[in-house]
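The structure appears below as structure tokens.
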Amino acid sequence: MPVTLTDNNYGKQAVRLVTVRREEERHELKDVTVAIRFEGDFAAAYAAGENQGVFPTDTMKNTVYALAAENPFEDIESFGLLLTDHFLEASPRASAVRVNLTEHLWEPIEAGESPHPHAFRRAGSEQRTAVVTRDRQGGAGVVAGIEDLVVMKTAKSAFEGFPRDRYTTLKETSDRLLATAVRATWTYARTDVAFGRLWHEVRRRLLEAFAHHDSLSVQHTLYAMGEAALEIAEVEEIHLSMPNKHHIPVDLTPFGLENRNEIFVATVEPYGLIEGTLRRMSS
Amino acid sequence: MPVTLTDNNYGKQAVRLVTVRREEERHELKDVTVAIRFEGDFAAAYAAGENQGVFPTDTMKNTVYALAAENPFEDIESFGLLLTDHFLEASPRASAVRVNLTEHLWEPIEAGESPHPHAFRRAGSEQRTAVVTRDRQGGAGVVAGIEDLVVMKTAKSAFEGFPRDRYTTLKETSDRLLATAVRATWTYARTDVAFGRLWHEVRRRLLEAFAHHDSLSVQHTLYAMGEAALEIAEVEEIHLSMPNKHHIPVDLTPFGLENRNEIFVATVEPYGLIEGTLRRMSS
Amino acid sequence: MPVTLTDNNYGKQAVRLVTVRREEERHELKDVTVAIRFEGDFAAAYAAGENQGVFPTDTMKNTVYALAAENPFEDIESFGLLLTDHFLEASPRASAVRVNLTEHLWEPIEAGESPHPHAFRRAGSEQRTAVVTRDRQGGAGVVAGIEDLVVMKTAKSAFEGFPRDRYTTLKETSDRLLATAVRATWTYARTDVAFGRLWHEVRRRLLEAFAHHDSLSVQHTLYAMGEAALEIAEVEEIHLSMPNKHHIPVDLTPFGLENRNEIFVATVEPYGLIEGTLRRMSS
Amino acid sequence: MPVTLTDNNYGKQAVRLVTVRREEERHELKDVTVAIRFEGDFAAAYAAGENQGVFPTDTMKNTVYALAAENPFEDIESFGLLLTDHFLEASPRASAVRVNLTEHLWEPIEAGESPHPHAFRRAGSEQRTAVVTRDRQGGAGVVAGIEDLVVMKTAKSAFEGFPRDRYTTLKETSDRLLATAVRATWTYARTDVAFGRLWHEVRRRLLEAFAHHDSLSVQHTLYAMGEAALEIAEVEEIHLSMPNKHHIPVDLTPFGLENRNEIFVATVEPYGLIEGTLRRMSS
């Protein structure tokens, strides 16, 4: 039967890399999960089992460790640029390489008066992410991000004025809890920006915009957060994905009690999901 | 600052629906998780908090239950077609609606000689999936699928002849374990095919192709599985995603023992990931 | 400060062992996760960092692979007995050793007319478990088990006649869905019974009792299942843990519809949990 | 067949409670998961399906919300004491009640100069726990705890001098990474102590002891942490459970590189598990 391979990719996922730089004053700890993905001219491998162009995923893994040893990195974005550069050269059959990096964040333990120089505490579930892509035509792209930034507002959040039909039972509310786990990814115009400083600046703006916003809906707050991030000149575009982690006021009237908007049940299923991409308009 | 919303979508995730049809002979049990996603002209909701066109995600959830009550369905694909049809009509602002359905499979308990008429056992982690999309121009698409079909071959799997560089340590092997958790999604040419029969037919072919294949790589077996599925006339295209769940022979020589390809450590991290899309060529 | 170590244990968790026995007719595949725990006189290790009696957990792991290579086993219970025997001898400081084994079950793929000899499919999330304990006084105990056996009854399940107080809102029901994920563990009177045959026999009886029972509550069905298992002479005692995975009828009246006990929402939180231990009375 | 119910318990798990106290200056947010377990004279419910003494688990859930509304609480320990007191009175058949509370911690978002009064960020995966037990004889016990406190030392951790046998391959090391996810539970001598202040004090001591310790093994560090906690007079006993989350130096010699103790692979399976209970000796 005439069949064609219209699309393909392969690579290594979940390469776990931890590096320690033992500086005199304090240790620098990096904890990163790396995924590598090759696209390219691999049809013969799929159709005929010809492996001579198939760069092994095991070698990808080894390369991550070796390059990390030879090139101590400040930021996952830089390390991704280095890896994609290497892999494109190492695998002539690959037309494009994508590297996803997820950094698990650690903070020095506060021991006594000051941060301890070589003892650390995991700074929560929040993660710093980067996706670096590079193709043989020379194009490289960096998408920085933040994952699982869990936040809640207990005031200044409403949802009113929505359309109603036969199946609508939701009550309008001018004062609800708004909780979400923000996933944000943004693109930089160039690949030589100050990745570390900018990541912290985007994160700070997202948090402040969320905190200060007078929210009429999740969409509305998402937009305000995106706008705040786009005030940073280096940020070209931002994508935000915000699950609506519903907190439902408990009906206490069967027990002869009134719920003065104080008692809620946190639910996991079902949940809303609101997504949007904002871009600075070229002036 | 001049900012534009270039992309947006919203909806409800993880709507859990269980239906029981109490037929005389036996009960019909369906267990489905539904996700609904609207795309469209919602810029005013994001930018200005105008909710008059924002069909609430809570109403989406209610609608799933109400429509399931009024329209007992045979297949998740049909139910998805019904839901998308309804939602496009119910929300004039939506330009396209996508519904993802994941069916959790149950089997009658074998009790005594025969399957019990109203007692069931969960048939493993494997799931039947469907994605139905519909836009206001009248186009509808159905992508059927199978998720988490975990399989292993203990013979007829090799990986040899791959390129080597400075960072390659992997040994060639003519006899390795090949284990994966198949995720397959395929498109039908039309929306009025026999969804149930075809799903079982694709599944059977995927399993048989995996079992019988003389594998030179994961890519090679993926292709053989895709080809087998495309022999079904109604299947236009199939996408396969196959993690390489590595089983590594344990080095027993430090203990004065030989490993005759019998003792393995199953690993979770890192893992290979091989993906490909096959399409029938138009003749 | 005068402090004492009142209790301690240590060991290795999550040792993943896969063995393949390449018999002429077919391959025998075993997939087991092993955990080892030592108790004993290790106070000096804790209090003073004296390691001369601390059998490394890394050696525990190696030993699992080496002993599996030298001693192909039929049943996880037998392998557990072998391991505990070895470890007690290998570590003079240990007063007791416990080994937990969890078997991930695979079935031959049905390919064509017959089961394939070396291609397998994971048989669901259900797992076979064993806990083997042994102390230096010569006592050994075997607790066999089954984990995550997910079942549902769509008829013959009621919950009525319960007490009501100020906070009770639950309606009585004579016909509800009853779904659970059974965890069962049972003890054998001796360590030389037919572990494989008995495990399948207990499993069969649990499933049949669940299917046939006219249930007045989860407690009631748990008891019937335990009784059925205790009809096997070799089973001395059985512990059952059964979460009540609630399926709540959806109120369709706001939509002008009636729910004829057909449309349910499956919930994950909160859930009931019912546990009980049944024992054969000595006559 | 003569069968007896030797042990039983039942209750509700995963009751999700979120409360907001809207004080003038700032909102007080509590996010707690509650589990309730009854033990007692329920044999007739199991054996005969007699439900007249079976306090429904649904009522347990309602009671959590109602009592939280009527009794705003400072600490989960106090709320647990209130709940157990209520449940013992409400269910005459129960001989003992146990309530497990897990608090998910939130911090005010730093927005501008100061913490925001009603916007919060989840403070990581770390959780505060409490187990309150009460029986009809009047005894009540409070076990406070901390769960998933993930920490790592990049210096001052060794493992040497351990015994070797035929299956030992582990190398001695005087400088390894030590990472763990601490679970600690401790008992208070009385039920009227300053729960909040003491919890923070125990947590601080555990972290400082971990950071400062010159570790000869996980056991050794566990003991030092336990000792530090027991310096608080109100703490009678502490149990510590510390998985050894292995970070293995990568062998870079195949690539012509030296690993100067800087490049590690973080592994999830297998892992060591070290546990111990320390108690203040009565003087």
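Lettered A, B, C and D in written order, each chain numbered from 1.
As a working rule, contacts are C-beta pairs under 8 Å (C-beta built on N, C-alpha and C of every residue); 3 or more make two chains touch, one makes a residue touch a chain.
Everything quoted here is computed from the prediction, not taken from an experiment.
Count the C-beta pairs in contact for B-D and for B-C, then report the pair with the higher count.
Ranking B-D and B-C by C-beta contacts puts B-C first.
If more than half of the interface residue numbers appear on both sides, call it same; otherwise different. Which is it for subunit C and subunit D?
Over half shared, hence same.
How big is the gap, in whole Å, between where the Cα atoms of subunit C centre and where those of subunit D centre?
Computed value for the inter-centroid distance: 24 Å.
Distance between subunit B and subunit D based on Cα centroids, please, to the nearest Å.
37
Measuring from the mean C-alpha position of subunit B to the mean C-alpha position of subunit C, what distance in angstrom results?
That pair's centroid distance is 29 Å.
Identify all positions of subunit A at which a residue touches two or more other chains, and write them in rising order.
Expected reply: 16, 62, 66, 166-167, 169, 254-255, 267-269.
Help me check something: in the complex, which residues belonging to subunit B touch subunit C?
Going through subunit B, the ones touching subunit C are 16-22, 27, 29, 31, 62, 65-66, 68-70, 106, 109-112, 116, 118-126, 149-156, 177, 207-208, 210-212, 247, 250, 252, 254-255, 257, 259, 261-267.
Taking the complex as given, what residues does subunit D use to touch subunit B?
Subunit D reaches subunit B through residues 166-167, 169, 254-256, 267-269.
For a test of understanding, state which residues of subunit D touch subunit C in their complex under the given definition.
1-16, 35, 37, 42, 45-59, 61-63, 66, 90-91, 159-170, 215-220, 222-223, 226-227, 230-231, 237, 239, 243-244, 268-281, 283
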